[in-house]
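Okay, so chain A shows up in both of these, paired with chain B first and chain C after.
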Partner chain A sequence: MKTTLRVRRFDPEADPPMGYVQEYRLETEPSETVLDGLIKVRETLDDSLALRCSCRGAICGSCGMRINGHAALACKTKVISVAPADGTIEVEPMHNMPVIKDLVTDMAPFWSKIRQIQPWLQPPGTAPKAEYTASPEAMTHLSGVMSCIMCGVCVSDCTVLEVDKTFVGPAALAKAYRFVADPRDAATLRRLNALNQPGGMWDCTRCMECIQVCPKGVAPMDRIMALRANGMAAKVPSTCGSRHAEVFTDIIKHKGILDEPMLAVRTFGLKHVGRLLGMVPMVLQSVFKGKVPKSGPLHRPIPGIHHIQRLFKRMRVKS
Partner chain B sequence: MTTSPLYDVLIVGAGLAGMRAAISAYEQGAKVAVLTKVHPVRSHSNAAQGGINAALTDRGDKWEDHAFETVKGSDYLGDQDAIEVLAREAGKDIITLEHMGVIFNRNEEGLLGTRRFGGQKRARTFFVSDFTGQALLHVLYEQIMQAKIPVYEEWFVTSLLKNDQGHCSGLVAFEIRSGKFSLFRAKTVIMASGGLGRVYEPSTNALICTGDGMALAYRAGAPLMDMEMVQYHPTTLKGKGLLITEAARGEGAYLLNKQGERFMERYAPTMLELASRDVVSRAEQIEINEGRGINGCVLLDCRHLGRSFIQERLGQIYAEAKTFANIDLAEEPLPIRPGMHYQMGGIKTDTEGRCWDPQGHWKGLPGLLAAGETACVSLHGANRLGANSLLDTVVFGRRAGQCAAEYAKTIPAPVISDSAVQADRQLIETLLARQGPGERAAALRLEMGTTMNRYVSVFREEDGLETARQHIQSLKARWSGIAIQDKGHVFNTGMIATLELGFMLDCAEAIIAGAITRTESRGAHFRTDYLDRDDEDWLKHILLYHQADAEPDIHYLPVRITQWQPQVRIY
Partner chain C sequence: MTYAFFPGCVSKGACPELYQSVMQVYPKLGIDLNEMTTASCTGAGVLQEKDPKLGDVLNARTFALAEQQGLPIMTICSTCQGVMSQANHRLTTQPQYLQQVNGFLKDEGLAYRGTTTIKHFLWILLEDVGADTLRQHITRPLTGLRAAPFYGCYIQRPTEALGIDDHPDRGKSLERIIEILGAEVVDFPGKTRCCGFPILTINEKNSLTMVATHTRDAKTHGADIMVTPCPLCHLNLDGMQSKAANQEKTAIDLPILHLPQLLGLAMGLDAKSLGLTRHLISPESVLAQATLAL
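Let's turn to the complex of A and B:
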């Protein structure tokens, strides 16, 4: 199959350092991956093309890169599954981290965020003589998170990190969940309090991008939501984030429809008049763009609200 | 040029062996650092799928049984004192790993659960789904982060240094990101640089498994031992040679030939698919050679295990078969064949990990220790049992770290000159200055790999080995004609591939030298011109010493036997 790899390259040793796009034309087999193609380039056409790779089997986490606009492991991406009719595939380094050369990014910021969550088991007191007992279910559940290979793909495509470098990010939060959900760990409350700070678990905007791109099915965003639920259950101090969730539910329960002005006022509280006023331009813009429902901004309960309330009741009984 | 602080223990490699060594040396109070050519969690240990063996004596298992099965698996070439240490200390090390945070699979009572692996009668393999190596590796790295042990990430070692007394006193390495060289001073160096799979093509090993440490130690004067013992794993995928874990057979999968026959009934009537790897690989190769294979493969059949079982206990290989062979394991059998997997041999060490003998029975390199796949203690002898290698890394990694830390307390700070740095830097500049058109390192590696896979594989004989020897010699000569297109110093992977090829050619030469020398069949080393095991002449190890521009200097050491006399090996 005729394939063209359009690679975004970066030469740090040029004066001045220079980014450019280079196209490599090659033949690929139906069974081959984008990584096979890049290795072929490196071995037969141009050995100056820099990339990281090792296992070829989606386990070492070296070969994260953006392929046709989304981060992925090159060794897990079949050429056939991403090549359009003309066979041209766009390859670029991961986002949200500095580039060292070509497809090689600097993972140091990634790891410093992992270290930030104190990623090691903190069991209580002295260890028993034999193993800690733990239910098979708990361990199987954790293995879904431990299968994270720290490839950085979720961080590359995280839409929050794009605008806020202080966000600890999906990989570190998933790792944090791995300890919070571990029955052997005794630092749960301390961990949840730390994650409750700005840049922590409440800063995710639930765009789902990390779930989409994660090559190992870790579903980081779901883990972040589980952290939030754990935090609220453990009664860590409320934040705008947790209040938003609580107020949101409360409004739906009482009105059956989202009352946005009420949501904002109750989330921020009257103490934060400044932040509320700061939203005025956005509100005006929404009105202007026709984003405010015809019924007006303030809602009465919808007809049939008792159906919704019944749902709430049923959910409470279940949980 | 920069010079590092003086370390008591400097560890090359951040796989399981290297990190376990670092933690134990740190616990002894030593000043430790780790140096690795890839980030620790990218190390090849992450590829281990199946599990790690241990006889937990408080659950009714006996360490002696584990030891005996390892001895038998090794075809009696393993040193029994070392195997006893391995089997006796395994249980404690598994519990330590669990305490560190490894999420081992549990049974209904919430205690550690096991699965069965080849060559063993009892289920004593502990595991985390089918990504045991990754689960262990990430937990050890967590411990390294907690202890704040310095890690020189993406640094490439180019030579070991010796002081005037011939004591290993540090090393030369460059930072891949900048190309800058540095001199590392250390009282002891632990080599934990992993295997050499890329000497072969195909191989189950990752692209970074290039035998660097074996070649570095060998060039510096430490002997390599049992290098002819190269394991072919029975279940690898056609093409790139990716591994399908033995856990598949451990959990009940069958091997079938073209006629749908469970052919292992003819080769190993009792243990069937779970006989030792050398036995199963040989059986498969015979089936294929005699026309009972399908396109050079036999079939691995998991269908009777059921979809949900496969997905829960063998999820990783289910996905692997789907992605790389386009096969749904729950519905179709998977074509597989024997493929190069593991190097039983390596840098000769004693049971403390020392690459020298304090009693002076064999010549080594004082100050150097080794652990993990790069080392040869020798536990695995002529054939390694599945799930014994991870155990090897943690038991002997721990012991090497401890021994190095204690030894470092007894010796003064080394004095070394920086001339070696100049030599290595000069070599790189010469490589970079060479203008094309030259040969490509990748092309030479492919020639080496296919040659090894053809002549030094499951079946070997004199003429083939001689052909391979000559071919490797000629590749060595051609190595100096390689031209690298990339002339930069930052992340020059072309240059790294060239250096690695140099290391691999030394390893290939040693493997062939051992294979030609050993005129018998034992374990993984099967000579079609010497069909039988010959305990009278060959119950001994082959030690190889490097000689510049000459064939290796060959020495022998007797096998250490404690309680198990050699017997005929039947599975």
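Let's turn to the complex of A and C:
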């Protein structure tokens, strides 16, 4: 089929270094991937095009790039599955990391964040005589997160990294979960405390971009949510994030429906009274504009709340 | 077409104008709503941070209640929709899990068989009401109004649970509606990104940067207004926009409309009855320019 690859290129040697878009027209087979197309470009049309690849089978994690606005592995993306009727596909380097040349990005910031979470097993005391053992169930639970191939695709499309480079990011947090949930690791509490700091597990905005784009089904955001649950269960010092989740849950338990003013007051509390006061102008304006329901700012419990409360109770007993 | 209507906490709380506008438009579209007054909050992904299974049990209860009535659920919030779609996906693809969850529901006299469908009003407009019927109800096409779509994460991702893999049109549904209503779609990079609301309490700076980026981008691309099917996005994009503009030392002033409000305007309803006077960023002057005076 007739295919046009519109490639965002970057030439670091030009003076000054410059970015531009170049179009390559070529024929592709239905079975071919975007990576096959790019290799064809390099072999037959333009050998100056820089890209990174190795396994061509979604194993090595080196061909991450943005295809039609979303990060993906080029070797796992069929041309036919992404080409619109006119056959034009947009290809760009991954976001949230510096570009070295064309489609090749600098993974150094990625690796430094992975190192930041101490991605190695920290078992207790002296080593046992034989090997460290773990139950098959525990390891099966971890197999999903262990299939991460460190491609950087999730990092490329992370919403928070786009506005804040200090966020540890989806890949590193998924990796952190891999050790927090490993029964052989003894540093769980220390890890959770470290992740509880600004830029850590509470900074994710739950946008699900990482779940959507990850080529290996690692579901980084789900791991981040599991880290939060583990942190709350381990009673690491509360943050505005953890109090928000605790108070939210408590309000649903008592009313079945959310009271937003109550959520704000109890989340910030006296400790962050400044944040509450900061909301006053917005709240006053909302009241002035009539953004308060007729029944008043706080709800009565929903009819049938006793069912909800019994479910809460039953769930707690079980767990 | 009758639906079990799940309004969600925010339309009953901080965005009463959303509930109000849905009440105005739905009777004219041949839709009947049976409001689910005994259903609990979906958990909004927040309760799930603490206990994901509890979230699934609460939502399974809601699905079972709708199933008893034999009705599909209608939502008016991207977040309600996404959280429910994800829960339903887990329950309907893992029979053992469904059984386990039903174990908790049993003593409430409920069992979920996995047959409930959950649809956002946005999808209902296109899939059930249909573009042709919708066009018949448009008495005042929004000609000349440039509208930027803003979806909300939960109605865009993950595509599998939302049924977008099977109904690809859902991914572009907001643009379709804007076109049908006679307005002009303003495409901009942020339309499927996060509004920042979930991190407002933990990292206000990042949250407001997101608000400023998207509203400013939409405006730079020529938008008069932004339209969203998510009241949580609305709370941040409208409610926090002034603060976001201050933080970024800029002026933005982009009115954010709820989807049913935009629809209502095209159906000839007056702006006040659609709750358009209840926004923090007033749409008054923009709508006046488009001769849709408040």
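Here is the rule we use: the second predicted complex is superposed on the first by the 300 of 319 C-alpha atoms of A that agree within 3 Å, B and C clash if a C-alpha of one lies under 4 Å from a C-alpha of the other, contacts with A are read in each partner's own complex, and residues count from 1 in each chain.
Basically, a residue touches a chain if its C-beta (ideal position, glycine included) is under 8 Å from a C-beta of that chain, and two chains touch if they have at least 3 such contacts.
All figures in this text were calculated on a predicted structure; none of them were measured in a lab.
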Fit or clash - chain C, chain B, common chain A: fit
Touching partner for A:W202 - first (chain B), second (chain C), both, neither: second
First (chain B), second (chain C), both or neither touched by A:S31: first
Touching partner for A:L284 - first (chain B), second (chain C), both, neither: neither
Partner chain(s) touched by A:F312 [first = chain B, second = chain C, both, neither]: second
Chain B, chain C and vertex chain A (Cα centres) - angle in steps of 10°: 140
Which of chain B and chain C A:M18 touches, first, second, both or neither: neither
Smallest distance from any CA atom of chain C to any CA atom of chain B, in Å, after fitting: 14
Complex contact set, residues of chain B against chain A: 38-39, 41-44, 46-47, 58, 95, 98-101, 103-113, 128-129, 131, 134-135, 138-139, 142-143, 145-146, 177, 206-208, 239-240, 242, 312, 316, 319-320, 323-324, 326, 440-443, 484-486, 488-494, 497
In the complex, chain A residues that touch chain C: 69, 159-160, 163-164, 167, 198, 202-209, 211-212, 225, 228-229, 232, 239-241, 244-246, 248-249, 252, 256-260, 264, 267-268, 275, 282, 285-286, 289-294, 297, 299, 302-304, 307-308, 310-312, 314-315, 318-319
Chain A-facing residues of chain C, complex: 9-10, 12-17, 37-41, 43-54, 57-58, 61, 104-105, 107-108, 153-154, 156-159, 189, 193-194, 196, 198-199, 201-207, 209-210, 213, 239-240, 242-243, 277-280
Residues on chain A engaged by chain B in the complex (per definition of touch): 11-13, 31, 42-44, 46-48, 50-62, 76, 78, 100-102, 104, 107, 114-115, 118-121, 123, 127, 129-136, 139-140, 142-143, 146-147, 149-150, 182, 184
